[in-house]
Each structure stands twice: as C-alpha cells, then as structure tokens.
Amino acid sequence: MKLFKYIRLAISYAILIFMVLFSVFPLYYIIMTSLSNAPNLISLDVSDLFPKHIYFTAYRELLTANYYGGSFPLWIRNSIILASSTALISILLAMLTGYALSRLNIPAKKTLAAFIYIVTFFPYTATAVPLYLMFAKFHMLNYIGLIIAYTPGTSIFAAFLAKLAIDSIPPSYEEIAMVDGLSRFQVFLRIVMRLALPIVALTAILSFSGAYLDFALAYAFLLPHISEWTATIGLYYAAGLLNYASAPAYNLFAAGSVIMGIPLTALFIASQRMMTRAYSTLAGVK
Amino acid sequence: MTSSKNGKNEDNGFLYILPILILTIFVFILPLVYALYISFTNMNLFHLFNYNIVGLKNYAIIFECGYFWELIKNTLIWTLGSLVTMMSLGFLLALILNQRDLKGKSIFYAFLILPWAFPGFISLLIWQGLWVDPYGMMNKLILPMLHLPRINSLISTTDAWIELILTNDWLSFPYFMTVFYSSLQSIPHELYDLAELDGAGTLTKFFRITLPSLKRTIAFVFITSFVFTWNNFYPIFILTGGGPGISTETFIVYAYEEAFDYSNFALASAWSVISTIFVIILGLIVIKYTHILDSFS
Amino acid sequence: KPPSSVTPTTTSTKPSVSGPLNITNATDLMKLVGLNSTPSSPVTITVWNSYSTSENQAFNQTLAQFEKEFPWIHVDVTYGVGVGCSQFEEAAKGHDAPIVYRDTSNSGGALFCAGLLLNLSEYLPPQVFSLYLNCSISDWSIGKAVYGLPDDINYIVMFYNKQYVPYAPNTTCEMVKIAEEVNTTDHVWGIAYGASDEYGYRFAAWFAGFGGQIFTTQNGQVVPALNSTAMVDALNFWYNLTYDLHINYLAPSTGAGGAEGELFEAGKAAIIFDGPWDLNAYLQALGSNLGAAPLPVVSQTGIRAEPFLGATGWMISNPSVSGATPLQIKAALIFILFVTNCQSDYRLWCIAHDIPANKIAYNEAMAELKAGKLTPSYLNQIMEGILEQAQYTQKFPNIPQMAYYWNSFHTAASEFFAQQINAQTAAQTMESNFINCLKKNGLLSSSFEILPLPPALIDAILLLLSVFMIPEIKYKVKAL
Amino acid sequence: MAHVKLEDIWKIYKEKKKTVEVLRGINLEIEKGDFVVILGPSGEGKTTILRIIAGLLKQDKGHVYLRGKLADDMSPKDRNIAMVPQNYAVYPFMNVFDNIAFPLKIEHVPKEEIRKRVLEVAEMLKIDNLLDRKPSQLSGGQLQRVAIARALVKNADIILMDEPLSNLDAQVRVLAREELKELQQKLGPTIIYVTHDQAEALSLATKLALLHDGKIQAYGDPLELYGQPNNSWVASFLGNPAMNLIRSEIAGEKIEFDGQAIPLPERFKGIINSNKVILGIRPENIEISQDGDIEGVVELVEKLGSFTITHVRVGNDIIKVIDKAFIKREKGEKVKLKFDYSRIELFDAESGVNLMIKNG
Amino acid sequence: MAHVKLEDIWKIYKEKKKTVEVLRGINLEIEKGDFVVILGPSGEGKTTILRIIAGLLKQDKGHVYLRGKLADDMSPKDRNIAMVPQNYAVYPFMNVFDNIAFPLKIEHVPKEEIRKRVLEVAEMLKIDNLLDRKPSQLSGGQLQRVAIARALVKNADIILMDEPLSNLDAQVRVLAREELKELQQKLGPTIIYVTHDQAEALSLATKLALLHDGKIQAYGDPLELYGQPNNSWVASFLGNPAMNLIRSEIAGEKIEFDGQAIPLPERFKGIINSNKVILGIRPENIEISQDGDIEGVVELVEKLGSFTITHVRVGNDIIKVIDKAFIKREKGEKVKLKFDYSRIELFDAESGVNLMIKNG
C-alpha cells in the first residue's frame, strides 16, 4: 500500500519533470536565441546551450529602432489595445449568448445553437478572401473590422461553456438583484459575469491570444499603415521574414516574441486558477 | 438540472443573441455563401473580374486529380494522430496533477502551460530548427539520450508524421491538460470512495468512473479540437511543407496553396467546401453519438 | 552593415548621366509623362513597397529627395509588403489596389497577364527602357509590352569558405573533388544544398547546366518540358552527391535563414548556392574567408549551370483596380522613373548591395569594383564574383504558366530526394503535375469540360447543406 | 385595504410536450404587518407564488395588488420588495458588508448612509463582527443572517422569504426561528414566508396558508387550522405525527370502524347526513390507558426523546398515539386506547370536507 | 467480541499553516446487529470516522478492528463494508440498475446472479420500476433508495451511512426513517449511521454515540442518554427543546437559583461535595401549575401544534416548558412552575459531569 503510493508518486514526478523539460526546452532556446547576436537556430553544439556571451542588441534594436513611422513598442501597444478590445467584446458576446441560451426563451434554441456552432467549422481558407473583400467594401479594413472578424469564433465556442456554467448557477442570485433594483441586463453585467468568472477568464485568454498572435488577417487588414501595425506584423517585418531579399534576423524575432510573450504569459499565470475551473461544468454530475 | 428549469424566464432572449447572430452572419455565413458561389465559377487571377459559372467543374477537377484520397488519408492521420496523442498526453498529465497527495501542483502547472502561453509562430520556427537532422537538438541530444532513432522528415514520411504530430502535441497539450484537469477536479470524490469500498482497483475506477464522468468533456473538446486541427495548417506549412511529395499534405494546406500560390480562388473554395462537408459530417456523427448538445434542449 | 566608406551622401557621389534621354530634373520627367507644368492641385499616390529593412534605408533617402523635387506629389507608402502577389490580388479584387507596387518580375508577369497592370510601353517612349540593363528589362516584358521598371537584378551564385576551398571550382568535377577533400580532411560538409526543400528556383540552374529547358513551344502553345533526360541527369547528379558520395548535406531549409546558410555561416559547410540578398549574413559570419564565384560548368555536358536572372521592379496598377485618375497615373509614372533612376539605383547598391538594373548605376558599380574601391578590400573580390555570374544567367520565364512550375517541381523532387521514387519517375511526375495544374487553370487546353449546373442541382446542394444543419428540415424532408 | 393581494392567480408551465398547471387560482389577502407562512409540500408552487409577487415571473391569469395598487405591470425593481431566496444567494464574490450594502448601492444611497444602515442591521442580527468575511467563510446560520440583513437593510415593508431556514442544523434552526419572530415583531414588516416545515410554519405564522393542488386549501390562524382542519387533506398534512384519519361509518349514535364503536359526540348530532365519514383524531388526543374503549396491538414504538409515538394496530388501521417519553412498550403488547371525544373531527368521506365547518 | 471496534483513533488534518485535530481519541465498541447512530454537530468529524472505518482514510493513531480482527492495514475493498455516502454519490452516468449492480460487477459475479440480486433488492426498496432511469430523472427520495439498494446488494454485514436522509423533505424523511428501521430489523446488518438530526438519531438508534470535541461524549441506549445525560454538554445537545440548565448553588438541603429554592432530592444527598452545580431539567418535566413553587414570567410562546413551548423568565434564566397544545398564554403573564423532582439532574459546575453518575 505505502510502497505502491511511493512508486506512484515517483512515477508522477518523473513524468512531470520530463514534461516540464519538454515544455520549457524550446522556450529556453528562444530566449537564448534572443540573447545572441549571430542568430543560429540549428548548428548549435550542446555546449552552446549555455552561452558564454549574452547580447542585448536584439532587444535594444527592437525597443529603440524606428521603422518609418512605426516602432516595436508602438506595435505592442496597438496589439494590446486590439487584443484587449477583442477579449472584452468576445467576453460580452460569449456571456450574452450563453446567458440567453441558458436562461431565456429563444425559439428553436437547439437548432440555432447547433447552427452557429457548425458554421464555425468552416476553414480560414474558405473565408479569408470573401472576408477581406466584404470588409473592404464596407471600409472596415481597420481595428474595428479586425475585432469583428476575430470575435465570433471564440465567442461561439465560449458561449457553449458559458451556457453550461450559467446552468449551474442558481437563478436566485440574479433574482435577488432584480428585486433589489437592477434591470436584467445590469444583473447580467454585474452578477452573472462575475459568477461565471472562470469562463470569462478562459474566453479572455483565448480571444486575447488569438487576436494578439494573429498574423494573416491583421496583415491583410492593416498593411497600408505602418503605425497601425500589430506587434506580430511588425516583428515579421523587422526580423525580415516578409521579404526573402534579406536573411531573417532570428535573434530579433526571438527577442520580439519574448517581449510579446511576457504579457501573454502573465495573463495565463494570473488566470491559472480560473482556467483550471473553466471546464468543470462539463464534467461529472449533470 | 432544476436550476435551468426554475430560472427560465419569459423574457425574449432573442435580443441577447442578436449580436452574435449578426456577427456570425457577417463573418461566417456571408463569406461562406460567397465561397460556395465562387466554387461554381472559374474565378482565378486571370478571371478576377470577368469570371463565369462553370458548374461543377472545380469539383470534377478535385475528384479527378488523383490525390483526393491521399489527401483525405493524410488529413485523417494528421487530425486523429494529433488529437489522440495530445488528448492522451493532456489527460495523463491532468490525472497526475489531480492526485491529492501530489505536492507543487500549481508550479508544475504553471510550467506546463507555457507552450500555450507563448507565441506559436516562433515556437514553430524553433521546432523546425530543433528537428534538423543531425544538427537540431532533438536529433543531436534528446533522441540519442532516450536511445531513440533519429528523425528526418526529409527522407521518411513516417518521420515526417512523427515530427509534425509531436510538435503539434507540444503546442496543444497544455490546453487539453487544462480542460481535463478542471473537469477531473469537479468529480465528487465520494464516487471514488464508494467504488474503492466495493473493491474497484485503480484501473476499474479509471474506466468505470473517471472516463464516464468525463464523457461530455471529452466529446466537447474532441469535436472542437477535431475541427480546429483539421483546419490548422501552420505546423505542416512550416515544418514539412507537405513533403516528402504530398505525403503530409492535408486538405487545407492544399486549399491554401491553391488560393495563395496559384491564385485559383475557385478551386480553393471548392477544396474548402469539400473539406468542410467532411468535417461537418464527422462533427455531426460525434454530436449525435455523444449527445453533446443535449443539454441545450 | 555595408562598409561605411561607400555609403553615399546624396550630394557627393552623383554619377554623371549620359545616354539618349536626359531625365535628371523634375521638368524633364514631367515632360516625359506629358505634363508641361506643375499641376495646380496636389495628388496622392499609394505605393506598396516590398523592400527589406536595409533597402528601405536607401529608399527613404530617395523618397525624401523625390518629395522635395515634386512637392505636388504626396506619396503614401505602405512598408512591409511581402513579395508574391496574393496580397495585391486581394486588394485588386476589392478595387483597393495601390497605384504603385513593387514586386518580382514573375509576380508582375502574372498580374500583367491578368490585366491588373498598365502596359508601360503605351505610356513611355521606348528610349526609356534602354536606360536599364537589357536582361532586366526583358524580364519585365511580355512580347512588346513592358509592365514594370526594374530596380535590381538577382540570381544565385556560389559562395564558398576560403578556409576550406582553395580556389573557386570552375567545373562540377572540380567542385566534387574539393568537396570530397573538405569532407575527408576538415570533416565538414563539402556542399550544403537543400535539394528536397527546393521549389525549383536554384535547381533551374543545374537543369539548364544539364541542357534542360522548362518550357518548349508546341503548335504555338507553351508546354512544360520537365520530363527530359536533362532533368533525370540533374536529379541524379545531386542524388549522387548526397547519397553516394555523401558530400552534400541535404538541408531541410534553404538560404541564410535556413539550415543551408546556418551551416555555412558556422563553418560546417564549404560551399553553398545563394543569392546576394544573403550576402550580409555571410559576410558577418565569415568575413574575409568568404568567396563568391559563378556557378560551375557541368562537366558531363560542358554547359554552365545558369541561374534565373530575376529582376524586381516597380509597376503601376490598372486604374480599374486602383481607381487612379489620369493625373495620378502620371504622378505614378514619374515616381517609378524616379526610384529606378541611376541615382536611386546606385544608392540601393551602396546601402544594400542590390545589383543595379539601371545601366548607369550598374556601370558605376562595376567601375567601383574594378578600382577596388570597396572596403574592406576583400569585398571587391566577392562582389566581382557575384557580378560575374550575371553573364551566365537564363531569362526568368515570366509567363503566367511559370506560377505552376514551383509546386510541381517541389512535390516530385522532395519525393525523389526522400528516395521514394527514381529520377525518371520524378521527371515524369513533375511534368504531369505541371500539365495538370496548367489545365486546371485553363492555361492549357483541357479535358475538363464546363459541366452544366442546372438550377435544380444548386437547390439540391443548398438543401443538402441545410438538411445537415437544421434538423427541422430533415424531418420535413423525411415526411416528404 | 390588503397590503398584498393575490386575485385568482394561475400559472402554467409549458415543458416540451406537457404543460403543468402549477397554480390554479390562488387568492390571498395579506394585511400589513402579517407574518404569513405558506406551507406546502415540495414542488407545489410555493416558490412560484413568491416569484410572482416579486414580479420575477408573470402570472398567466389573475392580478397582484401591492399596497392597494395593481402591480401586474411593475418591474421587480419598482415593487419595493425585499426577498430572502431559497438558497440565500449571498454573492460569493463580495464580503458580508458589500453583500448587505448591495441593494443600497444600487439605489445610489450615499456612502456614509450605507455604512450607517449596514452597521445598524448587522448589529441587530449580530453579524457585525463578520462584515469582512467572504461568504465561503461563513456557516449556514451566518449566511442566513446575511441574507436576512440584506433584505432588511432596504427598509422594504414587504419581505418575501423562501425556506430561509431549511439549510440549517436542527439546533440552529430553532434559534433562528425565534430571532426571526422577534425581529418581525420589532420592525413590523409584512412577511410572506414559504416553507414545507410544519414546526416552522406553526411557530412563526400569524396567518397560515396551506398550498396544495395549485390552490390555497386553508388560510387562517395556525392553531385553529391545526385544531380544526377544514378538510381531510389539511388534517393529514398538518401535524407531525399527522392526525389519525380512520374511515368510519355512522350507525345511529355510534361511530363504527374496524369492528370498534365509539359514541358520536353530541355536537355532531343533527349535522351528519352522510353515513360514510372519516374520523380524525390527533395522536396527542389519544391516551393508552386501561379504561380505554378501543382495543389494539402495539406495532411499532418510536422513541423521540421528549415523547414516544406508539403505532397501534386496530383492525386494518394503524393509529398513532403520543405517549410519555419513559413508558416502555413491547411490540405485540395488547393495549387499550382512550380518545378525547371533545377533540374528534369528522370529514366527509367523499369530499373530505370537515362536516362541522361545512354544516355548522 | 465486538463487530466493529475503534481504539483510540486520532485524526489530524493539516491545512496550509494550521493543523486541525478532528478526532482526538475515539473509542467505540459496536456489537453485531447494532444500529449505532453517531450524532454530532456539523463539522465535528462524523464523516471522518466513517471514512476511517471504511479504510478510505488512514487514522493517525489508534486501531480499527473489524469482526475481531485488526483492520488497520486492510484496503477498503478487503473490509467487506458497504456505504451510503453523504450525498448518495449515485453515479450520474449509469442508470439505476447499473448503479445497484456496480459492486457486484466489480466482484465479477455472474450476470444472471447480478440480475437476480439487483431485482430482489430493488423490489425490497420499491424501486424496481425505476431501474432504467438515469439518476438525473429521480427525486431525492428515490436517489436515496438507490444508494441504500447499492449498499444492501453487497450483502455486507457492516453498512455505513452518512446522513442518508438529510436531503429529504420532512414528510418523506419520517417515512424513510421507518422503512430503514424495518429493513435493518429484517436483514440484521450492523449499521453505523451518522447524522446531526436528533429526531433521526433517537428514533433509529439502538445505541447512540455523541460526538463532540473530537471525542465520544456519551455512548449507550438513546433513551437512557436522553433521560440521564452523563454531562452537561450532552444534556444541552440532546433533546429539542434541550434540557434547561440552570446554574445553582447547593445550600444545605436546598438547591438555590435565581432567588428561588427547591428541595434537594433525597438521592443526591451525601454525594454532593461541591456547592456550585448546574441543575438540569427537561422541559417536559416541568408543569405550569398553580401549585408550582417557582415563580416566573412568560417571555415567549412557541406553538408547535401538538405541543407548545413556553419560555418562562425566572430571574436571569429562561426556562422552557412543554405545555399542552391548546393552552393560551400571553407574554408577560405570571406563572408558577412545578418541577418533577424525580427527573432533576445535577452537573458539576466546573467539569459538567453528571454528579449522580460520577459519584454513584
């Protein structure tokens, strides 16, 4: 009994440690690349894993260089604004939809739910060009357009989780607030969203990182104005990955992604506890 | 589920789902209808404006081109291979983390979600470098250390799949781990107590309680991730480019090439439409047999 | 970074102009496009610029000068446009294309054939085109039409590491011998060439060296000619180096950013084939050990391996996709003439080592090299090697058919180098893939008839879709 | 003028195929300051009534009047009602202070005023030392006080309470009940209180409403209803153990059942016209005693501390008797039962109506 | 030989910084066929005890003996114990049949045999018509039967039940209680039953164990414990309303409190050596009567149907009295109380020990 327990724990820790190494190793590699000045992804020796010199040139360049009206800090700022707005709107949409599906009367609810769900199965390759053309027609090749294009996917996915989560919240929380003088919508904002916080956190993370890291759509929409670029586009450009007529500067690319990774990782770690609860309503007791 | 019963309100909820409906129409349905329409035309770079309806020609091309079935097979290998491995890996880690007597859970967890929290576009490039045979660390250090044969995706289709799927696993296991971890935590421990009392061993408990309890979770993430992986082409694009030959090329990679390399928008749309019909059929089968949407009735 | 001594200041090194046309000042330029006086109201032109970051340093100087000379033209520049035309196509389809666009000549060829670009020969006198190297302008012509003005030419050359390679091999036999020696004595790869990750750009040089041609003409129709002994030989040549002699490292990715280049930079490969665009990376890594020379003569055939000569350049969209007014077109013409004039082109050479396409700038560069003016001095020899290659190049086929070559080649080649098919099969596959692609896209008469699609069928498809999505309908259908 | 008045309220739930008529014509008039308890088995629609009064649910038919005014079209927030929901619904993400202050914050009461009122109510309910805690750190009893405090702080004159004590320990429940009663007497609001617990209903109510079958079966003084139930359902429902109900026949001056006969009390004479009746007598009104006139056999003895319930088989009926705590009886023992004839009730065998009330 | 024996069981939970000693030396001997109820307030460790007996939790100190054998190192499955957990833990994803059959399936009982035994148990518990249903389609009462059926089907001779009736309606609960009792009498297993509901404890237990402060405070026949609590905590806990406990002083032959004095009953004479005591008397052993000798004022009247609890203020103490149901009393009325001296208990004021038991 005891022995079994020790063996089980030993195996568990072994797997965990192995997996942590597996997870962290490529990231370590990225950080190292970002701290080198002769970017080399491939022909490293094992001894090079512990570099003798550390260069901050890539960071310095990214943080100080001006690219004809754009600069990496500016792009990061743009990205954060764009991604946060996307996250906010996705949350709102997901929760609204989840709330409606859970609490309110909607004709043909199941059909509607299945329908909007299945619609998201369509691949980007099918919708990319039409989407661009449509948005061009409506003069929405800008942040608003991007936000509109980003939100529904995550929102629909999250709405399903939100629905299940709201199902498991006793309605009396809302009712008491209504009796106390809030309108239904205010109740939704102030009470329901707060009670379904794990789903809100998950939605926030998924939609934030989706918008924050997107390249293809942002590039198509925002290309003309360098000052409006997002960090991803800027990074591709600054590191020379958009143009074959220059060798890619992987150290810049790595440094940029490390800088970009900081807010994202912070967000993940911060909402770790929420995320580990986000799916609980799916499991177990119905 | 009395809560949803008692909580139901007479209010018309239509207003609440109107925003998502409008956006869905705008962002999915209209482009889709347009894509469907394009797939019946000959729109390409040379007929960008003056294209005509060519009927089912594009679909005929697809079925006659000879690699349709090869692409289906590849897409299934890619999708199922990735999904099965990353779900199992995520599940295993979730089970490990869910042990009550394990210490340092949140620290392990924080490290383990890092691949998810890091910009994927650079991770893929790094992985491309790691897999280079014999110079990348995977082949130089890790695989030899584990006494495993080296992997070279340039000369072997099997190696190419291993490389693709392992990389995709790295990118995605944190998500599955999170999902399963959070679901596992919500299974009442009394269920296990009781089974243990009745003489259930670890395996019995796993198969008779854990798995059935997570059925809904598994179904839900399976179907969403199935679609996502089916439609995800960046890893293939960056790591193997579909090679050797077209042995790791999937529907979507192919459609992407048609659209963006050959500018044949019509054919690309037709590929996408066919691909989508496949996902939908598979998706509906999963939905039907797992009753995943039942809680919406 | 380029050596600082050659960085020009706009005033000091101004190459003298000679030739049939004099377009060095603003009024000349305006006259050339038919403007006799400065227009009363300013115009804005949109410009998509696909320069790399270092090229943009030169471009921005040029731009500043341009705006000073033409204060009535406001240039709205979009930086960071990728080469390859998909972005432009989307914009064009949305009638939102830029007025001026820069891309490679083969992208431009496709766009021109699609009717998205202006035929410049209708707007500019023929003498203008003789300002550019003939090879570069021919890259930008289809038949009599010229659809863009080149600003650089490019091709691949052989880079080698002098530490391992005592002299630049002139034939493949020499190359193999050197590589074998490097292999045995220095224990590094003789050659690094990612043949299986190739889309046929580099390989085209070897194909030509074995006597092959990508296209031939049959009954007046352009058809692929990949299924030839030249292709089989060329493939087997590289196969032999890779698998029999083990002197070529089959790299998974090409160029300075790929495995090829990185091995070369790290001193783990002696020879690679790459273009001058990656020169900076190699210079930085190898310094005076870097050597450059033309691709060798293929010993079996006695023919030189000739790379594609490509040219990037500036083009003007058809007003139907950019909505440009005649005045804007004129401004655009002035702009592309200006950014490809000798001064601007020379500036690109100085700052980014682009090989000039402008004759005067090219000659100036050559003269500089001859005089050994570049510092550090070893750079002169490298650049000479690079420029020497220009004599041994083949015309880049800029016909629309070319777009379908790359993937057809790649698929079969990667399979071949994975040892899954033999060279004959690979050559056949390439060709049949190529032909299929052309047929699918209507560039070759095809067996795919236009299948009639009766309206009832459309209904049926839509119904089918809705049946999958909406259960209610399913029941109704059942009831029927 | 009734403070709260329900007039013929109907409520029908539609679920998939079937419809459930939960309320089928509820009429209720509640005076200001009443403590009305609505008692009924689970699932009979008690919560539904409260939600209709609060405006959270719309009745299908009938009218709600509040303070004399028709309230059908008032939204919940305009009805100035406070509510303690079935599960307290104390917001888990706010601390106790914020929970109590929430209704005031919604009304934009000034900060200082909020503080004052929250403290006042918290002191009254003896939770002023818990104001910083999160709900997860509170026991059931404390949670319930917070919920009540939140209802009181609004100074609403109508308070709805939905089984507020049902989650509490037995001990705590009794204490809470007493406090609640005192509070109501002190502050004087109209309270409508819903429960399925009789002891609670009887000890709290100034007026008791019994809900069954979608109708109010009885409404009035709790002890009167207890003593003289107006129909056999009320008799069988009210009281724990419930009233013994025995099918009997009137044979002249006798009531006969199970082969036994007891004299028909004087007060029933002349008003009985059917001869099949149901005899009702409460367990506490039966004594096991040698001079009893009904013979039976002890079937089961339930010892409950302060008293014992003895189940006595008489013919086909089981008659429950409340016995002294310390009497020892064996199963199978033969006993004699003595009814307190003055406390016998008779119900119509068909309609279940109390014959005394119907005819008297 | 005890069927189940707990010997000095200690259990300490470590949580982040603080450790909680939940069980601090539990001793308990349970005979075969006993129906032992462990009664204690919420959170005192009742579930913990059951889980230790079942082997699901390891005690930190002490031993568990099952059927005379040391069981400390037996795994749960070897203990042959059945259990009904606090929330039933009916597997939500199996139907009723599979739920009941689960323990048998694990033991690889043949299919036919499983069918037979499940049907048998299901019939016994009257759930044979529900076998196809999913748990989500069952009511609380039905769920509870399923949980019990699952425990019975194993034919284990030791069954642990953790508040199995706590989720049920008051009415249903009383019925379920009776059924459970009959079932135990019929099948004869040893049942260890945990609850915080006194009525349940008193009516079910053949032996009652009171848990408080990590110790068994009292163990024995429920009515004896009720009648003669061995310490003042037991007295205050057991009974609803609880025993009146009044701080008093012994002054010669008198017991004095609140300015009143009553004679010291004969049986205490000679065994009292401290003069500060706590006088305990149950509300049902006090009568309000003219010939009472203690004077008080009515403070509150709780009418509970079958009886009334009158709170009488005597000096600083409130004394509760169980009164007839129909007596009307007003707040403020002056009354006289008559104690049944034979039922008085005295406890030590310091240790709370029953002086009669301690010394006699």
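The chains carry the letters A, B, C, D and E, assigned in the order they are written, with residues numbered from 1 in each.
The rule is simple: contacts are C-beta pairs under 8 Å (C-beta built on N, C-alpha and C of every residue); 3 or more make two chains touch, one makes a residue touch a chain.
Given the structure is predicted, the values throughout are model-derived calculations rather than measurements.
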item	value
Neighbouring chains common to subunit B and subunit C, by label	A
Higher-contact pair (C-beta pairs counted), B-E versus A-B	A-B
Distance between the centres, which are taken as Cα means, of subunit B and subunit A, whole angstrom	16
For subunit A paired with subunit D, centre-to-centre distance based on mean C-alpha positions, whole Å	54
For subunit C paired with subunit E, centre-to-centre distance based on mean C-alpha positions, whole Å	89
Geometric centre distance via CA averages, subunit C-subunit A, whole Å	36
Residues of subunit B touching at least two other chains	1, 6, 9-10, 128, 132, 135, 188, 213, 259, 280, 284
Subunit A: positions in contact with at least two other chains	41-43, 110, 114, 118, 129, 133, 170, 250, 284-286
Residues of subunit E whose C-beta touches two or more other chains	75, 92, 136
Subunit B to subunit A touching residues, read off their complex	1, 3-4, 6-14, 16-17, 19-21, 23-24, 26-32, 34-35, 38, 92-93, 96-97, 99, 101-102, 106, 108-123, 125-130, 132, 135-137, 140-142, 170, 174, 178-188, 213-214, 216-217, 220-221, 224, 227, 230-231, 233, 252, 255-256, 259, 265, 268-269, 271-273, 275-276, 279-280, 283-284, 287, 293, 295-297
In the complex, subunit C residues that touch subunit B	85-86, 89, 92-93, 110-111, 113-116, 196-197, 250-253, 259, 263, 268, 320, 400, 403-404, 406-407, 410-412, 414-415, 417-421, 436-437, 440-442, 448-453, 457-458, 468-469
Residues of subunit D touching subunit A in the complex	51, 54-56, 75-77, 79, 81-83, 85-89, 91-93, 102-103, 106-107, 150, 154, 162
Contact footprint of subunit A on subunit C as seen in their complex	46, 50-56, 60, 76-83, 87, 90-91, 93-96, 98, 154, 255-257, 259, 261-263, 265-266, 268, 275, 277-278, 280-281, 284-285, 312, 354, 468-472
Residue numbers on subunit A that touch subunit B, as the complex places them	5, 8-9, 12-13, 15-16, 19-20, 22-27, 29-30, 33, 41-44, 46, 49, 93, 96-97, 99-107, 109-110, 112-114, 116-131, 133-134, 148-149, 151-153, 155-157, 159-160, 163-164, 167-171, 174, 184, 198, 209, 213, 215, 232, 250, 253-254, 257, 260-261, 264-265, 267-269, 272-273, 275-286
